[in-house]
Amino acid sequence: MPTKEDIAAFLKAEFPQNKVTVEAVGGRGATVVHPVGMAELRPGGTVSGPVLMTTADVALYVAILGEIGMVPLAVTTSLNINFMRKPSADRDIVGVCKLLKLGKTLAVGEVSLYSRGDDQMVAHVTGTYAIPPRR
Amino acid sequence: MPTKEDIAAFLKAEFPQNKVTVEAVGGRGATVVHPVGMAELRPGGTVSGPVLMTTADVALYVAILGEIGMVPLAVTTSLNINFMRKPSADRDIVGVCKLLKLGKTLAVGEVSLYSRGDDQMVAHVTGTYAIPPRR
Amino acid sequence: MPTKEDIAAFLKAEFPQNKVTVEAVGGRGATVVHPVGMAELRPGGTVSGPVLMTTADVALYVAILGEIGMVPLAVTTSLNINFMRKPSADRDIVGVCKLLKLGKTLAVGEVSLYSRGDDQMVAHVTGTYAIPPRR
Amino acid sequence: MPTKEDIAAFLKAEFPQNKVTVEAVGGRGATVVHPVGMAELRPGGTVSGPVLMTTADVALYVAILGEIGMVPLAVTTSLNINFMRKPSADRDIVGVCKLLKLGKTLAVGEVSLYSRGDDQMVAHVTGTYAIPPRR
């Protein structure tokens, strides 16, 4: 199974515009980080919703890659997010993913999102990925 | 109530990094467009999921602003997206929002997302916004 | 393709405990009705959430059967509901489903739920069904 | 704060048609059980989706009551469910709820659903409840 470094290299090659980095992967889960700078903020001094959704989407993808190997064509089929607390404007966003199901064609996982260093969850995501058939 | 131009000016001032433009607003709805270029694509030649989620989030926000005026602190509380077809890599994303409920503290709406010029929906979003109390 | 009567007979045979009746089916949609009596009410004089979810689930199923014929093993894979207004305690619940995607293995649809005779939507559902492979 | 017995008595009085029983409550969570008999089954020998949704809805409600006391008018505002595995036809459904946020006006929680005695999750729910203002 791929290491954290393998996946980081894969993301860099396949998704050059991606800002999210991989902190940990394995055991049917992953932890990723989205840096927060001016581009991630919105009025009221908080992190924009799409940054949180992006972080969760990548966390799910990384957790799946960690289990099944590099599958560039796995695609999100649904994502549900509940925003619960205002993230800090000056802390990165950490996404912790746990896969709930890893079938042959469908994976389901949940992602807890935090402002780094704060253990109050800022948002919670459930998402599904379709896994393309293996040759 | 604000015009399309008022809302465009407001978004430019408050969300300088926003790429989404307003095509129409009013009648409890809005139509917005996200340009698609290299930064919006992902492997397989399709538009990334976060671009679709961002477009839907802005469409909801614009539809709400069109009804209640400029409220910078309205925030998304939940968003659910189903991805249904692969968007074209060479067409902009159009989001058409219809508000389903506009209460004093909560708005609910749905957004249909298309590749411009194609009437097959690429994704469908339902989202809720919390509206801050008026002074 | 099956008629409304075919589907009603199928539901009666396969789901004997089902209370939902079919009002219309076809054109990638369906309209169904859940009767409201004492068993469907909850404190505050309103219809319980599970009644609304059941109605939406059946509406989706009927709309799919209307397109692909009788498939007893089609199963719901996800359902998202937003409750928007308090349904009337003395009116039946009407569910109007529109399919958004009908693929070989997955169908996506939305359902608008009403208290009969009132055109204000009480809840909105998006759901997905997995369709078993045909022999 | 109310005990398990207080909540069971409250549910019996307020929701006489409710079949779900309370196994545990407290610590921002709850465990509830829905008995499975003929009325809960559907073709293919599995538990119907609405039974799972009902169990999750009650689990969330019980977890909230366990924290804020008896509030009959708390209402579900949204619920998202992913169905992951076929529940056993001959085992009760167990719902384990964990509250993710408990604000003054809104609570968010997740519920993991199991066939009793099997540690593979059959479905996962995220839901929100609106809490009425206290006098």
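Observations on the structure shown:
Lettered A, B, C and D in written order, each chain numbered from 1.
The rule is short, and it goes like this: a residue touches a chain if its C-beta (ideal position, glycine included) is under 8 Å from a C-beta of that chain, and two chains touch if they have at least 3 such contacts.
A quick note: this is a predicted structure, and the numbers were derived from the prediction, not measured.
Set against the C-alpha centre of subunit D, every other chain centre is closer than that of B. Judged by shared residue numbers over all numbers used at their interface, subunit B and subunit C contact each other through mostly the same positions, with over half in common. For the pair subunit A and subunit C, the distance between C-alpha centroids works out to 33 Å.
With centres defined as mean CA coordinates, subunit D is found 28 Å away from subunit A. In terms of their C-alpha centroids, the spacing between subunit C and subunit D amounts to 22 Å. Counting only residues that touch two or more partner chains, subunit B has 77-78, 80, 82, 128.
Against subunit A, in their complex, subunit B makes its touches with residues 14-15, 17, 38-39, 42-44, 46, 49-50, 53-54, 57, 72-73, 75-83, 86. Partner subunit C is touched in their complex by these residues of subunit B: 80, 82, 84-85, 100-101, 108, 110, 121, 124, 126, 128. Those residues of subunit B that touch subunit D in the complex are listed here as 77-78, 80, 105-106, 128.
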